[in-house]
Amino acid sequence: MCLALELSKTISKYILTNILLTMSSISDFNEYRQRMNEVILSGDNKVIKRFFSLDNQTYEDGALSEVTKELLGLVASMVLRCDDCIKYHLGRCYELGVTKEQIYEASSVALIVGGSIFIPHMRRAAEYWEELEKME
Amino acid sequence: MCLALELSKTISKYILTNILLTMSSISDFNEYRQRMNEVILSGDNKVIKRFFSLDNQTYEDGALSEVTKELLGLVASMVLRCDDCIKYHLGRCYELGVTKEQIYEASSVALIVGGSIFIPHMRRAAEYWEELEKME
Amino acid sequence: MCLALELSKTISKYILTNILLTMSSISDFNEYRQRMNEVILSGDNKVIKRFFSLDNQTYEDGALSEVTKELLGLVASMVLRCDDCIKYHLGRCYELGVTKEQIYEASSVALIVGGSIFIPHMRRAAEYWEELEKME
Amino acid sequence: MCLALELSKTISKYILTNILLTMSSISDFNEYRQRMNEVILSGDNKVIKRFFSLDNQTYEDGALSEVTKELLGLVASMVLRCDDCIKYHLGRCYELGVTKEQIYEASSVALIVGGSIFIPHMRRAAEYWEELEKME
Amino acid sequence: MCLALELSKTISKYILTNILLTMSSISDFNEYRQRMNEVILSGDNKVIKRFFSLDNQTYEDGALSEVTKELLGLVASMVLRCDDCIKYHLGRCYELGVTKEQIYEASSVALIVGGSIFIPHMRRAAEYWEELEKME
Amino acid sequence: MCLALELSKTISKYILTNILLTMSSISDFNEYRQRMNEVILSGDNKVIKRFFSLDNQTYEDGALSEVTKELLGLVASMVLRCDDCIKYHLGRCYELGVTKEQIYEASSVALIVGGSIFIPHMRRAAEYWEELEKME
């Protein structure tokens, strides 16, 4: 019985840890992102490596502030409907102190420019923002 | 042993109810949609709220029938390749009595206009339509 | 002097007939479309030729009427923002007796689904519809 | 001879004023935009009219400044590759005192997010910005 | 106890076989693709059936080799950001002996043309390619 | 009279040289492209400059030949429906000795993947290819 119980516990723990959280959690999103970026960079393709480095450079402070640039990246990701890109920029905005009201105003621009087709992505963005706020 | 059995049953019920059905089932799709719409609307952004209300208004009977407009919304969602939007309009079409043959003809327009890139979405649309038909 | 006047007249006629009207007129749009389709088909690529024939077949009467299918093709073209495709389907809709009110309702679906990004195309669509109405 | 000369001058003036400038000039862009918006609104479709009014509301000062929102609208238009939308937001940014350096930084975000496919639109945007600067 | 153990084993096997692997594995991807294609074709829509047959024909050897055409289909799927289409063409490329270096160079073209918005899809493509290599 | 005639001739030459050819000709396309690239690069934005240099690097010989990469760039531009990008890659393909049959096969892949929405761009591509062939 002990064995069966142990096995059941292991299964239940496995489900809770690995399956349920896989898609939604912030750390898992970041971990997958990190791990696969390393796989890609280890492919040793010069153009791809330079693009990745250029991508980071793009959001640095300049004539526009880092916050403004992250918001630009966020809205660009929203109208192009890329969930992972939206999550990434939401995470960066959260770190930089952007407020929920500002995120919703940025989302309203994406909604008007991009149309109702953006709504399902707005749902997932709102959910992710809630997770970011709960994390504290 | 009873306990282990009970636990196993709970796990198995949990799997069947919550995991397997999470992504695919009609009620879960609607529930998530409803819940996150409420989260978004509680954000109290005027532009977003007015857009949501305008969105509902768009498909009302007028010079074109509600059925025709739902089909237009469906094909627009198909060529823009938005799975959740497709599901929503499939659900509305089903409620309004659109037949499977009509859905497939609408899909054929989306396929010709939008190309083979639409096929993976057509697979998920066909699966969802089967679920709608089984629901009865 | 007569010669200069004649030449000037010829130039002015040329401008009015060939340049000003080139882009906007219905007949010129159809003529270019027809001519280049022939060039493409003369390229004798089997896949392209079969696609062209399949494209025509798509809008034939079936479980959905030809009018409904043309409206589906129109809205698909609108949200994908293809001016020439929009013009083609507007021309077909006009021939099939679709009213201006119906075109505007179809456009409103495209506007809500596709967002403000559709507006410049809606302007050109409205202009082309006016030309179709003036043609009579 | 006077007549021929006059006619020739008229033609040459006509070419310079109406043809050459038609596509590129700021006033002509605005005039066409204004005129066709009126045609569309006279179509008296409620959803379209409300969308137009909502569109204006979107860029008003709020949790984000009007300038930031115009930049968001600009970059959204850039990655969705809508020349007329880009022109409109460039015009608004210019009126609000956005600098050339800021426009180029916003463009760099659009370029990285949207790829080389944005470059032809960046050319036309750069040309339009030059025209805005010359207008003074 | 035997029963509980058996049940637990069944559950654990079920999880490992059907849930965990559902999304990621090559065989499951192919199985779902195959099954839903059959559902779609059983819908008996002529346009859809002819499109499917035309789709297969497109990648046959001709003036361009099958390998080149699969690479073209891959990059087209990449810039249009269709994960399932990418997986399909990766599978075909793998069968035809395309190397990892070639896949990464094709990906670099998609990245430059399509922008950083392609990166999340590149992560999933790199993961799928690793699975294809492990399969041996 | 001589003056009027001269003026008329100048106008007619102007029309033929500058207006009629502006949009369609190969040299004008390349000239505008070159000139605006210089304007953009003079804006002295580091990210944009590095992207331009990276863009050139992308199509160099490597694990895939330059020809294959230009074809990949061509089809990517086709499904993303960017006329100027298509023209650029058609020009490069022509220089590298790609045949008309190969261009049409590449186009057939773009047509199947991207749908009928690509057809208007295929017309302009076919016209541009004819111009490239006439140039010799």
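The first chain written gets the first letter, and so on, giving A, B, C, D, E and F; residue counts start at 1 in each chain.
The definition used in the following text is that a contact is a pair of C-beta atoms (placed from the backbone, for glycine too) under 8 Å apart; a residue touches a chain by one contact, two chains touch by 3 or more.
If you're wondering where the values come from, they're calculated on a predicted model, not measured in any experiment.
K.L.:
Tell me which chains count as touching both subunit A and subunit F.
P.N.:
B, C, D, E
K.L.:
Looking at the contacts, which chains touch subunit A and subunit D alike?
P.N.:
Chains in contact with subunit A as well as subunit D: B, C, E, F.
K.L.:
When subunit D meets its copy subunit E, do both sides use mostly the same residue numbers (more than half shared) or mostly different ones?
P.N.:
Same, since over half the interface numbering is common to both chains.
K.L.:
Among the chains, which one keeps its Cα centre farthest from the Cα centre of subunit C?
P.N.:
Farthest by centroid: A.
K.L.:
Suppose each chain is reduced to the average of its Cα coordinates; what separation in Å results between subunit A and subunit E?
P.N.:
Inter-chain centre distance comes to 24 Å.
K.L.:
Counting in whole Å, what is the centre-to-centre distance of subunit B and subunit C, each centre being its mean C-alpha position?
P.N.:
One centre to the other, that is 32 Å.
K.L.:
Express in whole angstrom the distance between the two chain centres, defined as the mean CA positions of subunit C and subunit E.
P.N.:
Each chain reduced to its C-alpha mean, subunit C and subunit E end up 37 Å apart.
K.L.:
Mark out which residues of subunit C touch at least two other chains, giving numbers and ranges.
P.N.:
1, 4, 8, 11, 15, 19, 47, 51, 54-55, 58, 76-77, 79-80, 85, 101, 104-105, 108, 111-114, 116-117
K.L.:
Quick check: in the complex, which residue numbers of subunit C touch subunit F?
P.N.:
Within the complex, subunit C contacts subunit F at residues 1, 3-4, 7-8, 11, 14-15, 19, 32-33, 36-37, 39-40, 43, 45, 47-48, 51, 55, 76-77, 80, 82-85.
K.L.:
Spell out the residues on subunit C that touch subunit D in their complex, using ranges where they run on.
P.N.:
1, 4-5, 8-9, 11-12, 15, 19-20, 81, 100-101, 104-105, 107-108, 111-112, 116-117, 119-120, 122-124, 126-127, 130
K.L.:
How about subunit A: which of its residues touch subunit C in the complex?
P.N.:
79, 111-118
K.L.:
Can you list the residues on subunit E that touch subunit C in the complex?
P.N.:
Against subunit C, subunit E makes touches at 46-47, 50-51, 54, 57-58.
K.L.:
Spell out the part of subunit E that touches subunit F in their complex, as residue ranges.
P.N.:
Contacts found on subunit E: 54-55, 58-59, 62-64, 68-69, 71-73, 75-80, 85, 99, 101-102, 104-106, 108-110, 112-114.
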